[in-house]
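Look at the two complexes coming up: chain A is in both, with chain B in one and chain C in the other.
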Partner chain A sequence: MNVTFDQVGLLARRSVVRTWRQPGSSIAPLLFPLLLLAVNSGGLRSETRLPGFPTHSFFAFALAVPFIQGALFATMNAGTDLARDVQTGFLNRLALTPLRSAALLAGQLGGVVALGLIQACVYLAVGLIVGVRPASGVGGVCVLLVFAALIALAFGSVGAWAALRTGSAESVQSLFPVMFVFLFISSMNIPRNLMGTTWFRDAATANPVSYLLECVRSLIITGWDGEALGLGFAIVFAIGIVAIALAAYALPRRLAR
Partner chain B sequence: MDRSNTIEVHELVREFKKGPRAVDGIDLYVGPGEIYGFLGPNGAGKSTTVLMLTTLLPPTSGTARVAGHDVVSEGPEVRLQIGAALQEAALDPLLTGREHLRLQAALQALPRGERQSRATELLERVGLTQAADRKVRGYSGGMKRRLDLALALVHRPRVLFLDEPTTGLDVQSRTALWDEVRRLAREDGVTVFLTTQYLEEADVLADRVGIIDHGRIVAEGTPAALKAEIGRPTLEAVPAVAADRDRVAALLTRFGELVPSSRGVAVRIDAGEAGLVDVVRALDGEHLRVENLQLHSPSLDDVFLAKTGRSLEGGDDEPESDG
Partner chain C sequence: MRMLSVAQGVAWRTLHNVFTNPSLFIPQLAFPLFFFTAFAGGLSRIHDVPGFDYPQGYTAFQFVFVLLQSAAFGGVFTGFGIARDFEGGFARRLLLAAPHRTGIVLGYAVAALCRWLVTATFLTVVAFAVGMKVGGGGVDLPALYVLAAFVNSAAILWAAGVAMRLRSMQAGPVMQMPVFLALFFAPVYVPLHLLSGWIHAIAVVNPLTRVLEAGRGFVAGSPVEVAAAFGAAIGLAFLFSLWALRGLRKAEAAG
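The block that comes next holds the complex of A and B.
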């Protein structure tokens, strides 16, 4: 068992080291969501004057978005790295070791979770510097970090599944716009109850990303909201379980051993 | 019988969807400490065979036992005993050579205390000590191949699979790799299964050679025995005027049996090397000019030619069927 943990740890470390050594792929997931946060919180600040808007600080409202957006980037990175391993034959090298398939997948995803946590800490730090004080306190921050790790794991598994299914980094990257559509048709910029356009509100209500955002948002601006937390965690668990199951199913077929 | 480092294959078949049989019922045995050269053109089935023997690809039918274990039902046991350097050096361009070796040592479950020393030992053995802490993306093709070999040796395998290990290497790197493979077999008793499309490689390195074509083994034996089977030398004449080809062929049949030639007309001379003078006189007497006249001592290419009707050297590659 110790050997397996050791192997998982080393694979996760490799995943982090790889990302660190590609500044292009580690800086973009950190900076781009912060850039969008800055632009949106400046441009949409007047939303806070809408009756029923949950906070006076649009920055605090929008701070949930980078957590989800960062996870989307992590998905692409995880998937692209795994697809490159397929393309270069490195996955075959791993397949030729006594390493279990589950350990291999856990190692790859462990790296994604570590990066997701680093991103979450950066976003949180930026929020604190700007003056956002999470309404749920220190306990809420801990829950937020756990949730960020779970989002990274769930979306990372989606990327891993796509990589194992297609074996092509380009195919994995083509998923990115699709996932971004989910982000934009959600409650990322306005609470669902304040959306005036019916079809958009319906689409945002059906979109699971809205509930992930609202879970993060509740911890920052509302405090302890059982419904938002329950829905957020249920959805992230559901996405994670399905994606991990699909990736675990695809891995032995890709390893073909 | 000790089967701890043998390879036994019986009626092994691999079929791909919408393709021919990449491997079509091969039988072979490789003994302990033997270097077995698996020779054939591209697409002949060499790499597919290696993938099956290393448990990476399930056979369609037939059986294969490596190091005493069945490749289908005892995959993990097989993987514990084998090392493999596949056709493309499977390396992570962002990791250093040393990081690769330490990761491989951990994945092969070497004790933590041994990993560093084993990595250092192997880096030294394959001549990469100076480059050990550089990222692999800066390595030359030869350096990548040597690192790939070192990775295959981390856990001291009993059976080593090398799939076209010297393709694309310069002469110096190729010779260094041959020396290391010989040392592994002679000093460490490692059984080596080596695929190649280079005749010289099979000739100088392999104890025994299996020649594969269209998924079937068409000849097998020691290089010396295979060449002796062909026996007499072959004389190949390339007519200066293409229209003279039939006349040249008719003349050469007086001196022996015609054999296929990709460039001109070839005959296995009954009188051996001494018959060359008579052939030259006869061509002169008939006023037949030749652009090129070559006497070949039997080579593995002649063996391939005799068995398949095609030349391996300079011949057209077969289309890859195994994707």
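The block that comes next holds the complex of A and C.
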């Protein structure tokens, strides 16, 4: 058991250090979501004057977006790194060692979760500095961090599955525009009940990313909203379980011994 | 004459690469369409914000931004191709073979304009198909496209200058990020008078604000700030042409 933990720890450490050593991989997931947050919260501030808008601070409303966007970036990084391991033969060399398959996946995903938590702390700190006070209090902040870790795990598993399935970093990166579409066709910039275009509202309602955003948003601007939390956690668990199962299924085929 | 033949060769090769490679061609059509959908569809209720007074509606309001954005990013994406040519070694052979090297920059700029014209046509057809209203007449709408063409030229010349200095695909974010920021620090979602705070202060001094406001004026049929907008766009294109040509000299010097 201790050996497995050591293997997971070493691979998770390698995953974090490798990401941290590439400024393009570590800075972009931190900086770009904050940049978009600054731009959108400045440009869309007047949206709070719409009747029924849930808060007077657009920054507080939009603070949920970096949590999801950062996770999407982390997904791409995790998937790309694992695909590089396939391409460079690192995975084949690992196959010659007594490493357990589960430890490889857990180590890789452990690194993604650690980075996801660091990102979440940065976003939260920026929010607090700007004056956002989470309506759900300290307990809500803890739930938010748990949720951020679960999002990173779920989306990281999607990236890992894509990497193991295709073995190509370019194929994993081609997932990014698809994920970006999911983010933009959601309640990212406006609550669903205030969307004026019916087909867009329907698309946002069918889009699971809307519920992930609304889960984070509820903790920041509403307080304890059982429905938003329930839907958010149910969706993140569903994505996570399916993606981990798919990645676990693909791993033995890639790690041929 | 020699410069034109070099420009023609470079432009033809670049356009051939773009239009025969779906991974380059499809994103250049899909991304502006996607932004148009997300902004005009998702944020249409902004039309109801007190003080929002654009007569042609939110679809036309966002169409102008997305058209200018597609022009700017058409230039940046062509810059990625220049960086790829340097990284792959093709540009070094091009520098050796070209009798007049300024034609290389001109060729890339012509290619950027041609590929954007395809995107602009596609975007315009989609915008009219979804019911965009236009108040401008005979000169107004073409003036918007001429303005956007200058933005496209400024963007490709900026990106070419970066690509020729760094000569690596890793230059991508350096080309892209300033253009992204300049575009989004303009009044993207609401008119300038509805912005407040720090973003208003930046938008006021951002030259692309003049371009965006004039473009929206053209579509509304009541042109505003035309001289300032053309002055800003032509000025940026001129400045970045110097930047690109100096970049070319640096690439020559680097061998």
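Observations on the model:
Just so it is clear, the second predicted complex is superposed on the first by the 257 of 257 C-alpha atoms of A that agree within 3 Å, B and C clash if a C-alpha of one lies under 4 Å from a C-alpha of the other, contacts with A are read in each partner's own complex, and residues count from 1 in each chain.
Here, contacts are C-beta pairs under 8 Å (C-beta built on N, C-alpha and C of every residue); 3 or more make two chains touch, one makes a residue touch a chain.
All values derive from a computational prediction rather than experimental measurement.
In the superposed model, A:Val17 makes contact with chain B only, not with chain C. In the superposition on chain A, A:Trp224 makes contact with neither chain B nor chain C. Contacts of A:Phe182 after superposition on the shared chain: neither chain B nor chain C is touched. By the document's definition of touching, of the two partners only chain C reaches A:Ser46; chain B does not. Once chain A of one complex is fitted onto chain A of the other, the partner contacts of A:Val3 are limited to chain B, with no touch recorded for chain C. Shared-chain residue A:Thr197: touches chain C; no touch with chain B. By the touch criterion stated above, A:Ala28 is placed in contact with chain C alone, chain B being left untouched.
Comparing which residues of chain A touch chain B with which touch chain C, the overlap is empty. Per the touch definition, chain A reaches chain C in the complex via residues 24, 28, 35, 39-40, 42-47, 49-50, 177, 181, 184-185, 188-190, 194-197, 199-200, 204. Put simply, chain B touches chain A in their complex at residues 54-58, 75-76, 79-80, 82, 84, 86, 88-95, 99, 102-104, 106-109, 112, 135, 151. The residues of chain C lying in touch with chain A in their complex are 27, 30-31, 34-35, 37-38, 41-52, 170, 173, 181, 184-185, 187-190, 194-199. Chain A meets chain B in the complex at residues 3, 6-7, 10-11, 14, 17-18, 21-22, 85, 88-90, 92-99, 255-257.
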